[in-house]
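Two complexes, one shared chain (chain A), two partners (chain B, chain C).
Up next, the complex of A and B:
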C-alpha cells in the first residue's frame, strides 16, 4: 500500500514488539504518557527506549524525579545492550530533577505559575542544548504533586509538550496510578493532553498474574489496541499477544 | 521394535527436515526415552543445534538426570520448566543459566516469552524448540487456548527458521488434541510405524 502523504515520521523505539504494536514506532515528537501501577515495568521500558535511541546516535535524556538516577540504575534490570560509553560519550544523559529545583531556587512544596514556566523553560533549554531527540521524565506524577491544582498541571504538561515538540523531541512521561484505578493518570488531566497513552498493568487470570501492556491511544498512527503480555529481560522488553482462549472458560 | 531402532527411525525421519518446519512426534509411553534420544542425538550432537526444551511433564532436574543416564550431552539443551513451581518440593528449585522456570503451565504466554528470550540469546546456527508434551499442557489448559498458543508459537518460530517438535503420547491423546497439533505441523511422525 502506498504511504499516504502526510504520514508522520517515526521514532523507532527499538523495542521490537512495541514498534510492531505501533505500526512502526512512536510518531516523532509525540508526548506519550506511559502509565501503570507500581512495579509494572515503566522505568524499564522507558530506559530501554532511551538506550536504543542513544545506540542509534540519537541524544537521549532521562529526567529522574522520584529517585536519584544512580539508585535507579542500580536497581533496574541489567540490559545486555547497555554500555557505559553511551553515558561517557554524552549520548545518554541522566539528570535529577530535585537538583534542578534547587538550582532554580524552587524550594517550596507548591510551584507557582511563574515557577512552572521557569521549570518548563529549564527542561526545554537543557534538551535543546543537548540536542535531545528522546526524553523521559520519571515520573511526571511526582512533578504534578508539586503543582496541586489541575489548572497548573494542565498548564505544565501542555507547555512542556509544546516545547519538546518544537525541538522535534519524542518524549515519554511516566505516570503512576493506583492498581485498581480506572483512570490513566493520577490527576486525570495528564491523560487528556498527551499524544499517546500506553498502559502497563498486572492482570490476574485464574490465579496467574501476568504483566500486560496496551496502547490506549497514539495520535498520528494506527495501532493495535489489544493487550500484550510482557517480560522484562536482559534482552529488553519482550511482548506476546495475550491469549484469549482461556476467557471463554473461567 | 527395539529401543535403538526407534531412536534411529526418529533420527532418519528428521534428518532432512528443513529449518522452520513443525513436526508432530507421537509415541507410545514406552518409546518416550528412545524418542528423546533420537531427537537430541540428531539435533544437539550431530547438527550442533541449540535445543530449547519446554517441559510440562516432569521437572527439568528429572529430565536432565534421564538424559545424562542415557549419555546424552545436555550442554546445548536449555530448559523452560513450567511444572516445578506447581509441584512445590518436587524440585530443589536450584536453577542455572540453562534453566528458566515458568510459574505454571497455564501461563502459556510466559512460555512463549521465555522461548523467545532463549532464541535471542542463542548463537547457534540451528535452533529447535521441543514441547514435551502437548498432553501434559492439555491437563492444565483448555483446547481453545492451547490451540491459540500452538498457532502463535509455531508461526513465530517458522519465520525465524527455528524447528519445532511437538511431542504427544498416544495413550494420553484425544482426537481433538491430535487435530490441534496436525493443524500447525507440516509433518507427523509416529514411532513404530510410518505415517504420511
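Up next, the complex of A and C:
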C-alpha cells in the first residue's frame, strides 16, 4: 500500500481569497470543474489562474473551444498584472481546439471512441511539448457536444484528467450550465469524475446582481464550503465572504 | 435527323450516320475492356468544342495516348482526379500523420483559415462546369464510377439527369463511362434509362485469344440498330472487324 505522504503539494492559484478558501491552493495535478451559468466570471477566473502561473514561471496553456483565442487575448488586457511578454515568451500559450479538430480530421458532428483517444493524446502531447503545468479548457461543455453520449464524456474526462495528472499538470475545465440548473454540469457526467467542483453563480441581492463562488468539492484538501462574493477588478478577482444578514434568502 | 460522329467510322455507319445531336452516350465494360480508350477516341471526333472530365488519369497520359494514335488533341481537360487528390486525399494523408505523431504547437500556429476543411462537392462542380460550356459541346465524363463511389446515388442520378437535359437542349453530345456490374443494379438501370445510346465493350475467350465486341445495347427510338459489332484494336484505335 502506498504510504501516505501527508499534505499534498499545492498549485497556488494566486487569486486573492481563492487560495485561502482552498487552504493554500488547488492540490497539484487535480482536474477541477469550474462550473456556472453565463456571465458568472468563469473565463476570467480561469485566465487569472493561468496568468498568475505564467508570471511565476509555470508554463500555462489555454485551450479555447468556443471563442477565437485572438479575440480572447484582446479581452484580457484590462488586467494590471497581464503583460504581452507572457505570451511572447511562450509562458502563456493560447490554442484553439477547433484547429486541433481540423488537424486531426475530426470534422464530423460526433467523435468516435478512437477519436476521443486521439484527441486526449494530442492535448496531452501538446501539454508535454510545452511543459504545461497549468491548463484550462474553455469550455469542456463545448467538447461534450461533440461527444454526445455520457459514456463518451466519461471516457474523455477520465482519460484527459489521467493524462494531465501524469504530467503533473493542474487543470481547470470550464463547464457551462443553465442559470436555473441544479446540476453542476450540462451532461451530469463531468461533475462526477472531476477532482474538484467550483460553482460560480449570479445572485440577486437588493437589486444588485452579485457574482458568487463556492467550492463544492476538492479532493486532497480541506476547504471552505461557504459562498463567497466575487468581484472582477483590474487587479484580478477579489473574493469576500457573503454577508449572511439582510433580506436575501441565499 | 442531325448526327454527330461517335469517333469510330464504321460504328457511325452502323448507327445510321452517328449519334443524333443532343444524345447522352453511356459506354460500359468490365475493367480492361477499353472504355477509357473509347472515351478518348470519342473525344477526338466531331466538330464541337471538347471538354474531357477525368477522375483517374493525369492530363499528360490522356494527351499521350491520343497523340500516339494520331488523334486530334484539341480538347480541354478538367482533371477532377487531381482536384480530388489536392482537396481530399492529400488532406487525409496529413490527418493520418497528425493522428499518428500528434500535433505540435507549430502545427497549430501554421494553421490558417484557408486550411479549414471544406470538402468540395465534385458532383456540383461537374454540373456547374458543364452548365458553363458554350453549345454545341462534346463532353466526356470518365468515369461515373468516381461519382457513384463518393456521393449518394440519388444525387448522382439527379446530376446526370441535369447534364442529360442540358446536352439535349443544346444539341450537344455527352459520353460517360461506367464499370459494369460494380454498382447496385437499380442505379445501373437508372443510368441506362437516362442514356440515349448504350454501348458495351465485351470480349470472349476463344481458343488462345479474345474476340472483342461492341454491343449496341440501346439506341433511343431505333431498336433496329441494337446488335453486336465484332471489333478489334489496332494502330488507329477501335475498329469494327
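A few notes on this one:
The working rule: the second predicted complex is superposed on the first by the 238 of 250 C-alpha atoms of A that agree within 3 Å, B and C clash if a C-alpha of one lies under 4 Å from a C-alpha of the other, contacts with A are read in each partner's own complex, and residues count from 1 in each chain.
Definition applied: a contact is a pair of C-beta atoms (placed from the backbone, for glycine too) under 8 Å apart; a residue touches a chain by one contact, two chains touch by 3 or more.
A quick note: this is a predicted structure, and the numbers were derived from the prediction, not measured.
Look at A:95: by the touch rule set out above, it reaches chain C but stays clear of chain B. By the touch criterion defined above, A:206 reaches chain B but does not reach chain C. In the superposed model, A:193 lies in contact with neither chain B nor chain C. In the superposition on chain A, A:240 contacts chain B only, with no contact to chain C. Judged by the touch definition given at the top, the superposed model places A:126 against chain C, while chain B stays out of reach.
In the superposition on chain A, A:167 makes contact with neither chain B nor chain C.
The touching residues of chain A, when paired with chain B in their complex, are 205-206, 208, 210, 229-231, 233, 235, 238, 240-246, 248-249. Chain contact summary for the complex, chain B toward chain A: residues 103-104, 106-110, 112-114, 116-117, 120-121, 141-149, 152.
Contact residues of chain C toward chain A in the complex are 91-92, 94-95, 98-99, 102-105, 107-108, 111, 115-117. Of all residues in chain A, only 93, 95-96, 99-100, 102-105, 107, 118, 121-122, 125-126, 129-130 touch chain C in the complex they form.
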